[in-house]
Every structure is written in structure tokens, then in C-alpha cells.
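Please see the structure below; I have some questions.
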């Protein structure tokens, strides 16, 4: 983890959502998909806590973060920050996704806004020659990742709650079709889905082995360094600091 | 007093000093020279207190404020605010200068940054046909009011502490020359100067009558409405709320 | 109507759960623009002492992170002059007025409370600020001595960090309602001088929440007024949710009268049912 | 060198007046980027209890205006495991380590203090957090029971709002230095849940200043460590100016390690002369 400045190089707006492209070469070279970056917002002392971001793109000299419109005054400050402004970043926090060396077919499962955190991993896997399938579930078409943002080789399945794109319903419905194909699973969703996923894998493969599925336990960090204990949750057989052990865990550890 | 929005229409930068021109027709029509406007800064709750400004220009549909560079985070926010942004204003606060009806020759005396607060009065007096002399004292030439900002009919004397413009020294040195001419005095300075001014007037005219000199007691306000008692000072024979009785007082009241 | 003194024969009925806290509008004579007495269910005066106090010289105000300190040093014209100047105004107001009685010499508060008898028709109640460092018997004595001399409803304003500790004693001693309360004191340097006063502004709200939660668990048989740092409708509703019958504002009145007025308009839709009659 | 325990035979000598407050770097094993033990004159561990504590489940963190609340619920691996895991590290550090002993069953702290004897060469002292609501005899007892079993310097951490009230009693009971101190507790709602904890961050600093001013007037014969909300060199110097011998940081270490490092570099130039030797 380092503390470094990141310059706002470009801002993309799509509806109420902003994507900021940040230049931070030192940080970018250290950053893996699934790791977090803690960004200071505001001038002065309010808000005091850094905002936690899971980058949606990682390049050689920078990374990108996504800012949906919400009531948070820290993110509101970022939405208004000028191009060229330097943001104070702490990162990378924790352990990210690790592409399983012996797998060839990777199934990525993303739910809601968390789906976007899979993008760097999807791109990395595709560029390294893995066969990648991405399946996402969002409330409506608007929240879903545009196909154009994906490498051409990626197979893409969409489910939307309102049926405005892809299959109407949730991710679960896609599992019977996709799981048998995959020899590794990468997920970014909520606990309820992780439990369903665990069960579905057990049904299909009799048991859920370690190393088969990785899942992002998304949360906000204070120090990101293991000191403050703010991020301790019951996971991996104990009350663990997510900033040290996670935020990416083996699905087996998340479920027990 | 009203609470109203003021739009940042233009920004002038001169060295480290900014001047903001604000559009606020409702407030502008109520505003007299010497009165204050309380402006909310920042988003959210920090800083919490409004910043107090004594406008340096008042037009039909707006007014202007001056922002020297300092460490204050409220004013820093204003320096960075975008054109078109709407500022939340409370004002006018208190009583301003009143051009004495029976006087013809008005001497305006300004010290340091406070000198700028005399500008609206100087312009008003000149436009109403008074003979106006403005004398200011600043540390260096940079802080002094450019002659080009004054109506052409105004006689302008400068003193600077470092001698970089006008007479080297302080305002006091100009008094023997200017006071005999004036039949009314308007001042914006510190207490030490007000005491000197009182003495100088007494020397010249035997006594300091009520109605001869007005002086600005410059301070920051919280409510500006007489409720909070934050602005009480020993003045005019008692401990008075400056936002109700001032900020412009008869010099007699300031000195006793 | 909400009754803030249900066990008092006189009762203290307020038409809105929003209260203009001590000093928010001076003695009812200093209204920031856009605000009127009708915005509030109750108006509490600045604290009054038996004899006049000049208060402290400048500086009185210091800004702290997310708030400020205001140390007036008890500046007030004294009991007789306040009544002489303001009773007429209070009589005309539709909004009930509560008089805040500051401490001083022993017996001062009782003396003032007794003299309020003459204008009992004008005054809806008495606020007694309980100092930061009293013990239980001192708190009890402050209330009991006033209780003895007046039938008027008594609102005890408790220090927030010690509200749970002092609350039951104050109710037993005769307080009809509890104002929860006074934020903890702090200090800040401004220029070369120091200002020392209870924290004001948003910075106070987390202390108010903690005290309300503590009192909620105590099931006191007295209405509670939430005070300290309330800035928005959300803040106010959270207080009502935590068992407060009314909510008091002051900093907001001074800093943003328009926001205070909006709050006054909106909160009327959320009268807590359990306390209305 | 500053001696934080001038009346103790062992003394507690620190080379910089900047202290890493309880938990700032865990047990000396969790250093935010760019910070090392050398940045600090002293390192205080997270509070340790006699038996392990899981602490509280999520949420533990809530943001408040200009600060935050962190409620870990006393999460720690327990006395034996902390020593087993970390004594080796402490032995290697150039920076002295003070062990913070949390409460628990009566006798727990004395038991732990007594067991620190075996590693007296590794430990520079003991921090005893004094709870928010103790009375004088309870405060006295907390310190005296530990004083009885160990010669190690004792640093008593006092609640800020009651520091002046408790200070002399703690010194008389055997505290070598006073940490001033623990900010007052408050509450905030996050999601549907509540977090209740002492305020942290800049919001705490005005309370620290008030307590320091109160203690300055008391002329206690014990060094004072300022703690609570310190964010900058200016803040730290103001504390030293008010009589503190050292300054403790924690929130700053977590939020902005680079600023903490700058503070560490700059403060060395301002060693208070009266306490050096």
C-alpha cells in the first residue's frame, strides 16, 4: 500500500453516473482487480473519512472509478472536482482476484453496481487467453455494463429485474446453464447470492472445493492497513479484518 | 434583512486577490455602503459559520466582494466556486454610512483592507455631487485602491508604510492637511486610528461634535439579527450588539 | 396539540413539535429574516438572571470543525428589565413562551420564579438549565427550590453527556419535562484569546442522539425535548423516533433561517401521536 | 529526551514528543504506508483484556460531522496471545512500547500488570484507560491496584470532559503521567444500526483544548500527554504550549499517514525544554 496523488484526467458522464479516469502510475502498477483504493474527498475536515472505491478499469498509468449519483457529500465533491485536480489516494488495499493458473474457462458473476468491479478482471483474463463468460444482474438496463466496454472475446449474459434487457429475473436463473461450463468462478455480489451460488455449485459438482470460486466481500475501509479494526467481519472461521484477508476471499471462506 | 441567492457573475483576479461580482437584485436594492452581507460557504457543515463581507461595490442588480488570499477555508471555497454558482446570502446587516445632508465636503479615511469598504460610499457621494477626498493607508502599493476604480471627481491621497506609493508613513500625517477642509468625515480603520482621529478633530475644531464623523466598526457576525449576542462590544456607552447599532457608528459613540 | 407537562394541572400545550431554543430569537424580539413566532410551537427566552450581567467582552465566538463555540458569559439585562421590556410582546404572541432562569446566588432562581406569578397568564413555563458538573443532590435542589414556589411547568435542561445520570433525579424533584440537552463544553483559540463554551451546530448532534437513546431505555414518565445540533427534517424525525416529544433548534435559526422555516413547515406533518390529545 | 515518568525510578524516556495512540498501529504490527516506529517517541498498543474478546459485529464505523465514531467493542486476542505474538517485535523496536490494559473483571488489570513483570525490559509502561463514569474512589482504585503490583510507569488516560475533576486523584493514586484524554462518547445511526463510541477526528480537538487549559491551572506534578483530534503541527504546538509534554495521534495515522509523517518530522524541532534532560 502506498499514499499517492492521482490526477483527474478525464470525466465521462452517462446519465447521472460519472466515470473518472485518474492518472496515478505508481499506484496503477501495484493495483490488481478486486483491490480497493481509498480516496480523500473535500477540503478540510468534513467529510473526514476517505471514500472506498473498487476501480472499474486499471491501465498502465492509471485507473478509473465509477460514481453513481447518491446523497453522499464526499462523492458529490468528487463529481464536482475539476479536471487536473489531484486526489489523495491510499492503496491498493487488501488482496484482489487471482486468476487460477490451472483453469481455462472463467465464469464471472456480478450483481448490481458490484458487477462493475469485475471489469478489470474480465479484461485481464481475456487478454491472457482465458475463455471468459460474464453474467450480470441489475435492476434495469441503465445500470448494466454496456457490451462495448467488454473485450470482444467475452461471452456476455444479462439479467434485469424489470426485463428491460436480457433475461427478466435474477442471476440465479442463469447458473444451471453457465456453471457446468466453468472451471473457475469469480463473483461480486451480496451474501444472499453467495449462499445460493455455493448451493448451486454443490448441486452441480457434489462439493464446493477451495480454489474453485472467489468472491468479493465489498465494504468501506478506514485505515486499510489492519490497524483500526473497523473492517472486522465474521469470515473464514473467525472475526477477520477484511482489509488484510480480503476483500477477495475464497467462496468457501465466505460461507463458513 | 433578507435571505437570498446571489449568482457569481464574474471574477476579477489581481495578483492573489479576487473580486467576485455577484448578481442579487433583491439584496442590492436594500444594501447601503457600510452594511455587511453574510455568505454561506462550503457544502455541508464545515465551515458552519457564514463569512462576513463588506461589499466594495453596490450596483442596481448586484454587489461585489473582495477576497484577499488567506488561510480561511470558507473564503478558499469562494475563490474556487464556479461562475454561475449561487451563494446563500443574509443581508443587509445593520446600519451603513449616511451621507450628512448639510455637509458638502466629505473626507473619507481608509486603513488597510478596510479602505475598500469605503468604495461604495465614495462613489455614492461623488455621484450625488459632494466634494470627496479619499485618503488611504496600506502596507504597500499592491494593497491600495487603484485610482482607476474611483470616480474622476474624487481627490485621492495615498500613504504606504513602505513608501512604495504616495507618502511614506501612516494616515495620521495626512490629517493636518485634509481635516480643515472637510465638513464631514467617514472612516474605516482600527480603534487606534479612531482615537488619533478623535484627538486630531478636537485639536482642529475644539470639540468633536456628534454628526461630524462616522466610523465603521468592522467585525464578523453570526446571526446578524440581534439574537445570538456574538457581536456585543463596549460602544456607545454600553455593551451593544454591533449588528443592530452598527457596524457604522458616530465617531463620538465609538470613542466613549 | 402536544402536552409537554401532562402531569401538571396547567399543562404546556404546543401546536408544533419545533421549539425555538434558548436565545434563538433573543427574548422573542430578534427574528432572523423569514422566521416568525408562528413557525414554532414554543419559544424559550435567553437565560435571565436576577441581576443584569454584561457578559464577557470580545471575543465571544469561535469556529470549530462543523460548528462553533459561543460564549456570551450570561449577558442579559436582568430579570426586572427583561419583564418590563418584553411582557407586552409575549402577551401578544400566539406562541407560548417559556422563560429560562439562569443560576447565580442561591435563592435567585426561586426569587425569579416566585415573581413570575404575577404574569402566570403570559408565561407557559420555566426552563432551568442544570449546570455541567452538579451532583444528584445539587440537581435535585435546583429543581425542588423552584418547584416549591411555582405551579408553572418546569423544563429541566440537562447536560447531554450526563443526561442519563441526572434524568430520574430531576423528574423526581419535580421537572415536568426534560430538555436533552446542553452539549458538552469545549475550548478554542481565536486571535490570542480563548473562547470556552458548549459546542454548537452539527457537531453537537451525535451527543444528542446518544443521550436520547440512553433516556429511551429508562422509560421516564416525562416528555423529552431533543436539543443540540438539529439541522434538518431527517435529524428532527430521528429525535422523535427516539422518543422525543419535541425538537429544539437554535444554531440553525441563526445560520440558515430559510432552512429553519422549511423545517417548521415540514415537521407539522409528523406530530408524534402518543403525546397528542 | 522527554521523561514522562520523572518520579518513577524506571523513568519513561521518549525521543520525540509524538506518540502513536492506542491502536494507531495495532500492537505495533500494523503500520500505514510511509510510517515507521521511528516516527514516534512512544507506541501505545490497542487495549488488551485478560481474556480474548471478539468485539462487536458490523457496523463498527460511522461518520459524523468532521469526524467519526469507531466502536470495536474491545476486540482483542487477549493478554496471553498478544504477548505470545508481539513481544518479539517489541523487543526489536527502538521505540518504547506502552501496553494498554482494558478493564474487565475486578482484578483483571492487576493480574495482567503483574504478569508484565516477566517482560519489564521490553515494556516501557502501562496505560490505564479510566472509564467515562467513574467516581473519584473508583478512579483511584483502578490506578492503586495496578500501582501495587508493578514498578512500571503508569499512564492514566482520563475522559476529557471530566479530566480536571479526576486528575489529582489519579496522580495521588500513583499515575506517573496523565493522558488527556478520551473524547466524550456519542452515537450515530448507520444503515438501520447504531454505533456508539467516543468521537474521533478533528471534532475531538476542542475538548482536548478545554481539558488541557483546566489542567494547566491545577499545576499537577505529573507530565501530561495531549490526545484527541490532533491533526497538524499547529494543533500539536498549541497542546505543548498549554503544558503538554507530548502529543498523541491516532485518527491522523489512519486517515492521512503522509500528514502524520510530516508532523513527526516537524515536531522534533519543538521539544519542550522544561521536560528534557
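First chain written, first letter: the chains are A, B, C and D, and each begins at residue 1.
Note that a contact is a pair of C-beta atoms (placed from the backbone, for glycine too) under 8 Å apart; a residue touches a chain by one contact, two chains touch by 3 or more.
What you see is a predicted model, and the numbers here were worked out from it, not measured in a lab.
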Which chains, if any, touch chain A and chain C both?
B, D
How many angstrom lie between the centres of chain B and chain C, each centre taken as the mean Cα position?
37
Centre-of-Cα separation between chain D and chain B, whole angstrom:
49
Listed in rising order, chain C residues that touch 2 or more other chains are 65-67, 201-203
Shared interface positions of chain A, touching two or more other chains
44-47
Considering only which chains touch which, how would you classify the arrangement: line, ring, star, complete or other?
complete
Show which residues of chain A lie in contact with chain C when the two form their complex.
44-46
Report the residues of chain B in contact with chain C in the complex, numbered from low to high.
1-3, 40, 45-50, 88, 90, 219-220, 222-234, 239
Chain B contact footprint on chain C (complex, rising order):
23-26, 29-34, 46, 54-55, 57-58, 60-61, 63, 65-68, 70, 72, 75, 201-203, 231, 251, 253-258
Please output the residues of chain C touching chain D within their complex, sorted ascending.
64-67, 69, 132-133, 161, 165, 184-189, 194, 196, 199, 201-203, 205-207, 209-210, 213, 238
Complex contacts: residues of chain B adjacent to chain A
42-47, 73, 76-77
